[in-house]
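As structure tokens, here come the structures.
Two complexes are shown next, each including subunit A; its partner changes from subunit B in the first to subunit C in the second.
Entry: the complex of A and B
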């Protein structure tokens, strides 16, 4: 059932997006100057920027899927992204003092960023699995703590935003990158984009066909059955939350070191709600990794379009209106095309074992 | 969305509600103490890393820039030291009680209303717009008598409608309210900014700001020095409202329905509680209360709508969680968080310590309150030790 529901959902969202674009064309006639500018915006550069912007949201979504399929609501994913993004900047700034420079330093910083995210995930996991915290509130708390801690540390060490660090740049795959259109988009991209292209099918395969994946899904649907089969529910849930920490960490660290090269501590920090977008993306994608990454792409597509239109000042539509379109599309879609298949035991602490 | 998620949450809620009142107060108090201790460690750590000319503290031969005790003392002074500081603390407390109620009421019905922020933002805009429109039409002594109720009503109505939306989406389409309210927060801010930019922007000031509301509609300070943005009658009315909600929850049929639905959905429905009606009503009430808070924020604090309204809606969640989602508990919890906010401003101003320290404390408090099991285990362990010690004393 989930495949058809997801497909129906996608058709609906696609139609909605098309309707929005059609409405835009009414506002902006094709022959007009803004119309031509709109056409010039949608090119190869647009496609690569969408992919880049997809990365953090998509990794947050993949991470969320693993936690929730194991039965743990993970609203704190935004917090994981924030701590890993900040850690990466700090480590990358401090490593040259220890004599490590260049790409090695960046990769080390990336790794440490992911590890810190995993550490936070571990604390969260202990609280919700061992001590049976209220999962929604504990998740919100993780987010709020990160939202306070990151600016606190940034302001103590640097200023309202960190100094910039180098980024990975792009890797181009020989031969393949010369393909028309697909080449520059898919094969001349940031390493983080490749990571996403690998992680998505891997996550799908792991959840569906590996033993751990099957256990994770069972843990979210019917933990008692799993326990009866002799598998520790707690262990599987720890695994699910830790995997979500790894993936969210890759998203946050990759966002810093693969894309922006700085950490801004003002307001919602430079992560700016991407973790929450990830949550919405997997709900939209019905807990299917491919569909969730597609949902993340939908957000990124709108975001990038808005940025580019703003740059050229083409549209007489306020940027904010464009900014909220994806939220409206997703809200209408998950409302009208229902049957999000939520794991049955989601949010329920398992009482069976001490 | 299926009923599975709320059902799961509800079981959590049941366990949460299973704590006795005394236990809950103890847990909340312990959470605050532990959070302050962790904050002190953070201050030591950051004071060790940061460089300063005059270290505030020497411990074991190491110098630290910040002395946690002094910082907390400065926070206390900043929150309660002068009438101006007290006014700020009480102002924040008043507003937090509103957004706290907006989380507490639906929570008792088993619903997570994360959307107080959006309701607050849109209601603040509605209040501003209605006052700007009506202001030129009335003058003289009646102006206040007309404008104040109209402004508050506009906020409550718009907030209520924005709460109605997720309520209806949930009952009619089964859309999970955590997700819909989360999305509606993003949408509210965007919509408000667009409306202000397009229709109500004040051309004299840079940025997205409306004109100021009429003087007659601002709630004046009383008993506190002029210039402070806190009105004692508003606090009195707020406390009455808290009493009203306590009465609603504990002494009316609707309140009974809300509580039963939150504890045992299936039993409540079997017992004849109209699930949909209670869900929609509690969301509407929550939205209206958050909206009142938004209206008050405009009429008492800023006097206009501007971008970057404080995240009082999210803070309200923390206040409500600390209060055990009990209306009466919101008063001390609101006072604590209000004091943290004004104290945070003070340490930033006086000592140059980032005020985000307060946000960390806020997060730690609700994380610990959400984990009563932690304290229970510690408590049991202490009890066991307590029992062992006298025994050891006898033998020795």
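Entry: the complex of A and C
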């Protein structure tokens, strides 16, 4: 993938956000209702909220990158997010019975959430690598099963369809959090935000400079080249999918215990398409971790925007219409930004090994 | 001299099919040995046995005098056997460095980082020692390199893995004539340092030029081993095919009729799938009774050009005319109805439905018109007759119209496609790589049929990566480079060397006489 193509995407994303805001600024007289709306968007709270909402989408995107660059279509990433989110809530609610309480319980719940996501990823990996199932169908199955089981399990275990738990809250970094604007946004944030800030460059580095990373990239492009180099394609694909499970698990569990403190087992669940947005984010970012997280941020920006516009309630528009805003942006983005370079061997089961 | 590789009585059976039947082969250290044979003769199978991809059903492999039992290519690599496949085993978006070290990456920092510095030192040293000239390209993604350079990356990769014996599978298939010469220079560099080379080919000239010894396979059996010195092409061809073969087409002796321009292309511009301009400013006209060949290294716009002429792809600008009538805006079907026959370059992707049987494949492109299509229904009886006629005339084997196209060998698929297309009684024939992957015998026949089309007054446009073929068939040759014609020369005036330079985008020192011109 060329660096210039990636840069072009970034410029496009930034320009889109700025253009929307600038257009609003110009059109809207200060002090009017829309003016107040605009003011409420252009503040520190908005920035923090965007960053928070970015986390699950971005982790889904990073997870997707690892699977797809290894050559496995991971359309079930939404399912990974759902199972890890649900597991986290269950564990966090059950642990106090075992005498574990407070932050320790939350972290344990988080960890178990990630592990269950990895377990689901392992099953998925066996299906698509070992048994060469159709990757799209297996992925959809993961999602549909998660979507079907989640409300059932929730209603069986709890008396509400949206059980709540505590959250990590925010961690302030001493001194740095005192900085204007940047401080409250970046350094007084949920630990999951910090995880993302660490995971993104790590993912980029891993793909570019580590042995496994290079093999993962080769595996998605030309698995035969890898096999003739004496490396097991299956193993690399397992590794890619399992890493995908870890990252998606962090996304789902982190979203639940790091931000919302609940799992809503209604409709699309509280995950509500964030895994799918993650997929669009990495396609948008051309499989580059930084650009993918940038894409996630773009969608989160519009997600947060629609939430705020709803809260203000100044416009007489049904909430559902606001709700589709991020998805409209997705459609516009994938229409306008087209040159995604998909790994050449993506979705093809590797036949060379017995 | 000692023996580097020795294969004794190798038999390889796949279920009931015998791919190799008690084949013997010995190669001395520091020698270049050609493994010659037609498609399906078992050359690649034999080399896959040596490279550990297959285990022989019977027989023994010796490398450096030691009995070798390879379970996988890794074992072969460990024993110093490297293979450069016909389709390069390279990861195109990755850099030369990443490709060379793939699977063998040294690491530092406790495994957290590949040791690129170490890779670089070693690769530079090897590149220098064997004159491969890649030291400056380590950071270049492989996809930006020419085919010749990619092949050198493969050689370097094998050297990096410690190969002493190099197997090249059809190494010249993707190269320009100049690159072929460079490749043979590399052979010399390698053998000068006691490396051993075995190369698979079906091209007689190459075997004679580059090899010391030649082993000829036919139908899985070794039919002879000869010294290159003192052997003629005719002798080799006869060994290879098992009968006397007419190696050169005698175009001049064949009549040609018609004088009007039947196909003309003017100022054509085409964009490829990636949105890049692939063809620009192309002008050519082909008269009835004329064959115009397009020479060029694969990927210089031949494919989009053919697609635009045949209506598979829309042109951005310019006009295509059949018999003076503009067809640029017409669909593929409308062009077929106006007398076009199209042999696509990729038979499996574009010409055949692999899961359909030959009866179904025989009517593709004509399914809508009599005698096959009547009121939206297909007359399968007529289709079967047609399929049987094509199979008979073109000697498609096995001659069973109920077999799916998939079960035929590539050469037979090609014969079937050529047969189907030429049986349309076309006025305009566009044939891309008409003999790609077919053996000498069938090639002779397909050439014969194309000349017959010429005789009947059709305008024939042939695209081929094989310079021989273009030179033999064409009345005029257009050389294509980076999307346009660098020159159009009379077929019998140009030497291969001049054409080779034109194909590489350079002008030859001595200009080719342009008798006919454009």
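Following the convention adopted for this analysis, the second predicted complex is superposed on the first by the 301 of 354 C-alpha atoms of A that agree within 3 Å, B and C clash if a C-alpha of one lies under 4 Å from a C-alpha of the other, contacts with A are read in each partner's own complex, and residues count from 1 in each chain.
Keep this in mind: a contact is a pair of C-beta atoms (placed from the backbone, for glycine too) under 8 Å apart; a residue touches a chain by one contact, two chains touch by 3 or more.
None of these values were measured; they are calculated from a predicted model.
Colleague: Between subunit B and subunit C, whom does A:144 touch in the aligned arrangement: first, second, both, or neither?
Modeller: first
Colleague: Could you tell me if A:344 is touching subunit B, subunit C, both of them or neither one (first, second, both, neither)?
Modeller: Touch status of A:344: both partners.
Colleague: Once the shared chain is lined up, is A:217 touching subunit B (first), subunit C (second), both, or neither of them?
Modeller: second
Colleague: Could you let me know whether more residues of subunit A are touched by subunit B or by subunit C?
Modeller: Result: the larger residue contact count on subunit A belongs to B.
Colleague: Output check: A:290 vs subunit B and subunit C. Expected answer is one of first, second, both, neither. What do you get?
Modeller: Neither subunit B nor subunit C is touched by A:290.
Colleague: Could you tell me if A:209 is touching subunit B, subunit C, both of them or neither one (first, second, both, neither)?
Modeller: Once the two structures are laid over each other on A, A:209 reaches subunit C alone.
Colleague: Would you sort A:171 into first (subunit B), second (subunit C), both or neither based on which partner it touches?
Modeller: neither
Colleague: Touching A:225, do we find subunit B (first), subunit C (second), both, or neither?
Modeller: second
Colleague: Indicate the residue numbers of subunit A shared between its subunit B interface and its subunit C interface, in ascending order.
Modeller: 339, 341, 344
Colleague: Please name which positions on subunit A make contact with subunit C in the complex.
Modeller: For this pair, the touching residues of subunit A are 1, 209-211, 214-215, 217-218, 221-222, 224-231, 339, 341, 344.
Colleague: Touching residues of subunit C toward subunit A in the complex: what are they?
Modeller: It comes out as residues 72-74, 77, 83, 85, 89-94, 98-99, 102-105, 107, 111-114, 275.
Colleague: Report the residues of subunit B in contact with subunit A in the complex, numbered from low to high.
Modeller: Residues in contact with subunit A: 1-2, 4-5, 8-9, 11-13, 15-16, 42, 46, 49-50, 112, 114, 169, 173-176, 178-180, 182-184, 186-187, 189-191, 193-194, 197-198, 308, 314, 317-318, 321, 354, 356-364, 366-367, 369-371, 373-374, 377.
Colleague: Along subunit A, where are the residues that touch subunit B in the complex?
Modeller: Spelled out, the residues of subunit A in touch with subunit B are 73, 75, 127, 131-138, 140-149, 151-153, 155-157, 265, 267, 273, 276, 279-280, 283, 318, 320-321, 323-324, 327-328, 330-331, 334-336, 338-349.
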